[in-house]
Amino acid sequence: MSDTEAHSVAYVRDTMMPQQPAPAGETGAIRWLRENLFSGWLNTVLTLLGIFAIYLFVSHFYGWFLHGVWEANSIKECRQIIAERWGPDASGACWAVIRERWHQFIFGFYPPELYWRPILAFALLFVAIGPLMFQFVPKKVAWFTPIYPFLAVWLLWGGSVWGPVLVLTGFVLGGVVFMAVARFGSIMAFSVGAIVTILYFLFAVGPLISLFHAMIPVGLESVASSKFGGFLLAITLGVGGIAMSLPAGVVLALGRQSDMLLIKTFSVIFIEFIRGVPLITLLFVASLLLNYFLPPGTNFDIILRVMILVTMFAAAYIAEVIRGGLAALPRGQYEAADALGLDYWKAQRLIILPQALKISIPGIVSTFIGMFKDTTLVVFVGLFDPLKGIPDFIRADFNWKGIYWEPFVFVGAIFFILNFAMSRYSMHLENRLQREHR
Amino acid sequence: MTTAQDASGPTGFRLSQLIYDTRYRSITIQIVVLFLVMAGVGWLVDNVIRNLNDLGKDFNYSFLWQRSGYDIGNALIPYNNDMTHGRAMLVGLINTLWVSFLGCITATFLGVIIGVLRLSKNWLVGRLMTIYVEVFRNIPVLLWILVAIALLTEAAPSPNQYRVNAQTGEAGASMVLESVAFTNRYTAIPSIHFDRTLGSLDTALAPISLDFLAIVIVLLGSYFVNKMLVNRANRVQEATGVRPPTLWKSLAIWLIPVVVLLFALGVNPEEPQLKGFNFTGGTNVSNAFVALWAGLSLYTAAFIAEIVRAGILAVSKGQTEAAFALGLRPSRTMRLVILPQALRVIIPPLISQFLNLTKNSSLAIAVGYLDLRGTLGGITLNQTGRELEAITLMMLIYLVISLLISGGMNIFNNRVKLKER
Amino acid sequence: MSEPHIERSVDRSHMQVSDEVAIQIENMNKWYGQFHVLRDIDLTVQRGERIVIAGPSGSGKSTLIRCINRLEEHQQGKIVVDGIELTNDLKNIDKIRREVGMVFQHFNLFPHLTILENLTLAPIWVRKTPKKEAIDTAMHFLEKVKIPEQADKYPGQLSGGQQQRVAIARSLCMKPRIMLFDEPTSALDPEMIKEVLDTMIELAEEGMTMLCVTHEMGFAQAVANRVIFMADGQIVEQNNPHDFFNNPKSDRTKQFLSQILGH
Amino acid sequence: ATLDDVKARGELICGVNTGLVGFAAPDANGNWSGFDVAICKAVAAAVLGDPSKVKYVPTSGQTRFTALGSGEVDLLARNTTWTFSRDTDLKLQFTATNYYDGQGFMVRKDSGVTSAKELDGASVCIQTGTTTELNLADYFKANNMSYQPITVDSNAEGEQQFLAGACDAYTTDASGLAATRAAFANPSDYVILPEIISKEPLAPAVRQGDDQWTDIVRWTIYGLIAAEEYGITSANIDELAKGTDNPEINRMLGTEGNLGAMVGLDKDWLVNAIKAGGNYGEIFAATIGEQTPIGLARGLNAQWTQGGLMYAPPFR
Amino acid sequence: MSEPHIERSVDRSHMQVSDEVAIQIENMNKWYGQFHVLRDIDLTVQRGERIVIAGPSGSGKSTLIRCINRLEEHQQGKIVVDGIELTNDLKNIDKIRREVGMVFQHFNLFPHLTILENLTLAPIWVRKTPKKEAIDTAMHFLEKVKIPEQADKYPGQLSGGQQQRVAIARSLCMKPRIMLFDEPTSALDPEMIKEVLDTMIELAEEGMTMLCVTHEMGFAQAVANRVIFMADGQIVEQNNPHDFFNNPKSDRTKQFLSQILGH
């Protein structure tokens, strides 16, 4: 043994060898092609198939896109222009319809001179969610977030400024009462606060609004819900649905986690019921049945009714997302809160929910994307969604009868851009959370 | 409350204990909640009753036994307009289940292929599949269904164009393989015809063809014989270590009996023929169905592709390396190591996609395919004006389908859960 | 980290190193894209030799031993294992992988199979061993690593040290002639390191040819015939453990040793 | 009561078609116009004095009755056929027929079909949730023919399918067919078959149980019809409202007696209603008559004095 | 594991144990389902006493001290803390939790709040202290645990030892009269254990009533008035530290001590 060791073992390198360039064929375009496209017969076949698919796609649609016409007043004109320019057999897109009607795809029938209002509301949305979603937004602007919903409603629907102000006041009032009674225990405080708020809404808000409006009539021109359409409708429903569903979702999630059998059962029944039926049927409930469930004579706007059902729908999904967030919190957080003497609601509010909600944001964004896509279904209850409602309406015009593909492409592209951006953002957020949670 | 006080006996019971005593507190809360929920439900029910009264309507399902009076274009079980609304509902339900079932199969098939290809080392194919996934899942499924139906109605020839022009001797369009015709209203495909048919068995639901029954029985037989073969192979492998090849034998067991049976029954395809306005003879698959099916499959496939990809990626590279290092071939590694682990990750979300697809099938409304919503929740509701009854029944049926599917998923999950410390 | 105490000092006299060559690497080079990971590696391993490879992170240790059973492909030079040259020929690769066992840092047990199934999988499907025989072998090796009672559990139910011992047993079940270890103890808690090292020492005593990437210098001193120090993809120094630790020649080596023994 | 609701609200909510050119369709700015819309305007003018105080709720064949029943709309002016079961079982109250229609078929000219009897085996596009669906089934059964129903959700979709050739025939009310055909690029390539397979009296409907409201709508419509009969037009109404020799006209226009008060409205309710869009004949001519792209002849809808069925009971 | 060296030997003379009873446990029993975790526990703790609880894993140590502030419910017997009996009455529970501070093995700081917010949360919301006062107290205790400069950081930015000291400070901010520790150092790296033990010793010097589950026998010897040994849910032996370590009576204790002191 010793001799084997002796002759082979001891070795010292005296000069370190520098990096050598890789041999030819191991680098460069050829290697890349070989490795990525033509390694083995299966890959080669796949590559060829891929190229063929691209060819098919391009050869079919290239001409159509290339021959697109932007300047025309009707589909007939479009066809004429295409036939003149590219020969009688050429097919081409008639983008003129988008040019003429783009505002209806985006805003529905919202009065054009008031377009600034939804645009402003949309822009402010980012200020409102900024502190939650983007790290670079200072946390100080967070005070704006609870005000935003009222502001947005006022901007979108207009009317007296006192409506949103006094409704907001109602919530503030509830909060103040809660604080005042807080020393008698959370449950007490919550009940009293809720009762005061509800009484205020039932009996005080209406008269107060009239009163204030009579005294100081400040307001925006009001816009009826029936004027909403296109992406304005889709975004309003989507954002409104998610925003309103958050509190309900939190309550449902807590309910589902509760030790109390009855509460748990109710939560589970609600969540599973909503998740078990298609959204369309819920929309039908909104348009056909909701009036049966309300006291005779109550009657409100279809958009509001759809919003209620969309909110219920979203709440069930959000509840499941938040439940995931709650489950991800270590038990120690609950125990530490208990040991410090915080009661259930304080522990939830100060310790558990802030953390659980933060973890849930990517899930909430995904839910939002799904809901945003699903808002197109409102067309089946007679609303003008951007995908079918608005195009159908445009096609009812003599000038644009028979136009199909251009609206599909236009609307599809907008959906794609928005959703793709959001899904990328939510992925980014997920990665960030994972980094932070290590 | 009084009873609780009695029960508390000599230790004394103060009312404040209802709120401050951990034993009673949760009961108090639950009773309050129960009361609130009951009050809410009671309020709703009361409203419904009063509204129905005001409208002079009642709540009953007897309309399900009345004559429907309308026709359904694509019924899978015998149906005509003399049958009841209940029957029409059943036709719709079967249509819902049928399109969902086929949709799940094609979506899974496509999704698996796309998901696997997306992981392929082939740069081009990988990119193409990524584009597919991103485009399809970020655009509402309704658009895909509408695109599919528009494509079919706008691009396919009408049956008329298949007619041979007497003067020129040419037709505007020709059938694929002389047996399949794509038209702008349906796809005509051959139906199967048995020369020496065994007849059929009448049941209340639908007549069952004895020929098909025979085929199913033979296939079942093949399955059992094949299973015996595989078991024998396993035993031989256990004993000697060498697994006898079974592929050819399996193929023979599966194919030969069926072929023989088909031959005995004198099977031959009945090809669609243009007669009058339409093709007759074969089976006409309506475009509404095809569009819905295609739209749902393509859309859901994008999600399934992501699930499959995530499932495969979830099996760490170390597993493959360990298997390789043990000398397992790539195909065996896939079958024995990667797939069993990936499937555990894949199947639960896959099933919730199935659930979504089933629910999305209610978009049949966009193309006029008469599914459950189209019959019970559409025409029947309309003709009878029974919206409360029809919609609650429809929701109940969807709910039952969903619960069945997710129940199945839970059972599966518990079965395959990886054992951990 | 606390240095585990190696109890059994190995009696090296009865460990024989034969003249037969187990692994022969000549002039081997490997690139990742433009990055030259392994540079001009020359290494001959006799049958029965026990080699410990050390070196700073990123020096190419893992890559080197992964080249030996072709988990990585080399681009230049020659690797001959057990008389078979590693080429693109799938049959050769199969043959070599049967002869070479490998133990990974993260165990890589198959979580969906019981311990016993983990151990018998490869013998049954690769070596075509009858099942009964495979089980017997498996139980034999499980006893050797001292956990026969865990045979029917799943990997997730074992501690890290137990899992790594199962991983070693799994390799052994293929009756390999060469064992490769890639930092087998670095993912373990201190208490468990000892269990695994004990198992490895036992293997060494039986004369198994071993290549082991590790930073457990106690282990190296106790069982290695030779310690190889790598840096920047090159073999910088090799020597018997005694001389290597007490009398390192190159500056890189000294620096490295001062780091890992220092604390 | 509905009247009070409407007055309190200051707005009439009118259920209309989601888009049927000539009867009810929004223009590029979302303003509605058409034959049915004119009824809504007339009622609004009669009740509120202003024809523009109408909110239009587009309803599909599916949702229209629920919308009415649940109180979502005050008045359903949506080419709805007056049938027994709708009147009784659905608890609707039809007011007065404003258009006598019948179900017909439209086919491509080059199909060579000249009679509905030749449609055996054809694919027929049909809107769901309508009486047409039932008539169609009955008709083919009675004639021992078969067909393939291709169900569509809206008229727009029916048009698309029919134009693309997805169905051999499109069936709906003859008026609708004419309106649809008129909107085609080449109307002459399509023919409406002579057979009318059903009676389709179209009538605005209200909820059952509110007789006052029923009367208002019913007599507003009759007022429009009678106005045509007596030659009251939007042009001469201001003149006539000052008083005429014809006591019936005087009663209608409120210069004699107070019919308005009997239905809870102002004296000049009918003046407002007629001013809103003219008398029945004017409305017809402006929305669907022969001068419009729809190009419907009066036919059955002519005044009874012209051999048609339009016959308003006396205002007395 | 390396035994941390306790530098400061505590001068026991000025630690007074008063006659007042801080905790009184009588005949306490607890079950988890069918499993009898705590059996007939009798324990009286005087105000100012410092008790260390030791025992093998699973013996019920954690459960015992978690019962004292009602993180777990006991089923039989009586626990009186600071004169208040632990019953189902939420008000009593609240009172007791305000008097009893608890430090966990895994710190359980609130990661979404800064250190300062962690410290002031409970005083503000539970004790209704004005914010300014709460901040002053918090800074006082942060200085005491020697990390006032970290006040505005988040827990994730601190080392384990620092986190545990913050956790102690967080409990102290509630001005508890009794402190419970459940293996406060066992999740820490050896270097950090000392920091935390030092802080605890300082607390002990100030006469805080302490119950501490720990395996740090150095700590026990240095500061405890009494060491309690538990096994199988029972108190097997208790004694002053000197006698407990040098002259254990029961076999279980001997066996246990040999294990933990042995390595």
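So that you can tell them apart, the chains are marked A, B, C, D and E in the order they are listed, and the count of residues begins at 1 in each.
To be clear about the criterion, contacts are C-beta pairs under 8 Å (C-beta built on N, C-alpha and C of every residue); 3 or more make two chains touch, one makes a residue touch a chain.
Here's who's who by UniProt: A, B = Amino acid ABC transporter permease; C, E = ABC transporter ATP-binding protein.
No experiment lies behind these values; they were computed from the predicted model shown.
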Exercise. Which pair wins on C-beta contacts, B-C or A-D?
Worked result: B-C
Seminar exercise, completed: Max Cα-centre separation from chain C goes to chain D
Exercise. Based on Cα centres, what is the most central chain?
Worked result: A
Problem set entry | Chain centre separation (chain C, chain E; CA means) in Å | 46
Exercise. When the C-alpha atoms of chain B and chain D are each averaged to a single point, how far apart are the two points in Å?
Worked result: 43
Exercise. Could you state the distance in Å from the CA-based centre of chain D to that of chain E?
Worked result: 85
Problem set entry | In chain D, residues with contacts to at least two other chains | 66, 70, 153, 157, 160
Exercise. Touching two or more other chains, which residues of chain B qualify?
Worked result: 19, 51, 54, 150, 154, 365-366, 381, 387
Exercise. Using the touch rule from the top of the page, what residues of chain C touch 2 or more other chains?
Worked result: none
For this session: Would you pull the chain A residues touching chain C in the complex into a rising list?
Result: 1, 4-5, 8-13, 16-17, 19-23, 26-27
Problem set entry | Of all residues in chain E, those that touch chain A in their complex | 69, 71, 94, 97-98, 100-102, 104, 106-112, 121-122, 125-126, 128, 156, 170-171, 174
Seminar exercise, completed: Residue positions on chain A within touch of chain B in the complex are 35-37, 39, 43, 46-47, 49-51, 53-54, 185, 187, 259-263, 266, 272-273, 275-281, 284-285, 288-289, 291-296, 369, 373-374, 376-377, 379-380, 387-388, 404-405, 408, 411-412, 415-416, 419-420, 423
Problem set entry | List of chain C residues in touch with chain A within their complex | 12, 15-17, 19, 29, 31, 33-36, 39-40, 44, 46, 75-76, 225-226, 231-232, 234-240, 243, 249-250
Problem set entry | Touching residues (chain side chain A, partner chain D) in the complex | 76, 101, 104, 108-109, 224, 226-227, 287-288, 291-292, 296-297, 299, 302, 380-382, 392-393, 395-398, 401-402, 404
